[in-house]
Amino acid sequence: MNWYKTNLEISTHGKGLQDITSIVRAQLRDWGAREGMCFLFLQHTSASLVLSENWDPTARADLETFMERLVPEQDSWYTHDLEGPDDATSHIRSMLTDTNLTIPVDDGDLSLGTWQGIYIFEHRSRPHHRRVLMRVLSME
Amino acid sequence: MNWYKTNLEISTHGKGLQDITSIVRAQLRDWGAREGMCFLFLQHTSASLVLSENWDPTARADLETFMERLVPEQDSWYTHDLEGPDDATSHIRSMLTDTNLTIPVDDGDLSLGTWQGIYIFEHRSRPHHRRVLMRVLSME
Amino acid sequence: MNWYKTNLEISTHGKGLQDITSIVRAQLRDWGAREGMCFLFLQHTSASLVLSENWDPTARADLETFMERLVPEQDSWYTHDLEGPDDATSHIRSMLTDTNLTIPVDDGDLSLGTWQGIYIFEHRSRPHHRRVLMRVLSME
């Protein structure tokens, strides 16, 4: 059994879904882990880790639009606005999605579905540096 | 330490919550794993894996109704509709729920609460074949 | 490799977010696990486990208010109301958030972000006893 770990540093471009699948895949191949589990953990409460459709960009656009409509920044009832109108909304959007993912590894690769990609969903308007802890437990 | 793996193939009947607890339990008992962790991973972005109340069917009916109301197919702003009015909504509903579950195993069984069941939440109108990756790490 | 397990019994004060980070941290230090993964699993379908901002109480107040607005108890369409107006809503709120968390352990501590805390989100009006299964797999 083997244990691999690194902390991925990702620069986001501000609000929206950003594909990090290739970064995670490359790290896994670099380690040469063949079979086991991959654990991803985002160390933030104003962004998310999401598995989403990776083929048609309109799917992602709709996810982003939905979040803007479900948790709108224009709402006047938020009390947590020290850092701006995207402050409370970011934490709410993070709570409604995921911040940790647990993905099987088979044959040296992530066992994602054909159309599944791993995304950071940045909820803050401005670009941020985000840290994703990546851990792999392999059975070899 | 032992490692068990299989891919469960589940046929859904179209939209709604479908109990898969007994399938997962049967597989676990078949392996004879006594103690550790069970990892479930759904390889799709238009369905979910959900832990839900397993006693009163009205609880599940309300979850289904809520999703229809929160992410209605009649909304006209979706752009991702290549596969029909349940296309964008399916991805949104998937993002708002879970696609991976990590459940402790004790005494040879899943350590679910008394009223907890494991469900596939199908978001597409038509029946689909869904794949759930099941992995168990046992401590024996 | 080592395996640690306990079931945390938490008394909630009724609806709202309740910080359990120090309880989880204390247990981890007690065991002396240095590096690996910590798995938390809530055995209930009417409460949640949530990672949330731990610095400004207004952030949590906004999360609670948002849930009241998104899944209001006053709605008349719920059919699952055997245990009161917070019955169906509790299951829906649970489905929209998390009930299991997987957190890396490094240097003998949970690898949470600076502002991340672990919370039980109680969705029932009255206080409840809640059970959180805590498992740690350490690499030493």
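We call the chains A, B and C, going by the order they appear; numbering starts again at 1 in every chain.
Basically, contacts are C-beta pairs under 8 Å (C-beta built on N, C-alpha and C of every residue); 3 or more make two chains touch, one makes a residue touch a chain.
Because the structure is a prediction, the values reported are computed rather than measured.
Asker: What is the shape of the graph in which nodes denote protein chains and edges denote touching chain pairs (line, ring, star, complete, other)?
Answerer: complete
Asker: Once the Cα atoms of chain A and chain C are superposed, what angle does the rotation have, between 0 and 180 degrees and to the nearest 5?
Answerer: The rotation relating chain A to chain C comes to 120 degrees.
Asker: Where the centres are mean C-alpha positions, what is the separation of chain B from chain C, in Å?
Answerer: 20
Asker: Could you tell me which residues belong to chain B and also touch two or more other chains?
Answerer: 1, 70, 96, 98, 102, 137
Asker: State the interface residues of chain A toward chain C in the complex, per the touch definition above.
Answerer: Those in contact with chain C are residues 1, 3, 5, 39, 41-46, 70-71, 77-80, 82, 87-88, 91-92, 94-96, 98-100, 102, 131, 133, 135, 137.
Asker: Which bits of chain B are touching chain C when the two form their complex?
Answerer: For chain B paired with chain C, touching residues are 1, 35-37, 50-53, 56, 58-59, 61-63, 65-66, 69-70, 96-98, 101-104, 106, 111-116, 137, 139.
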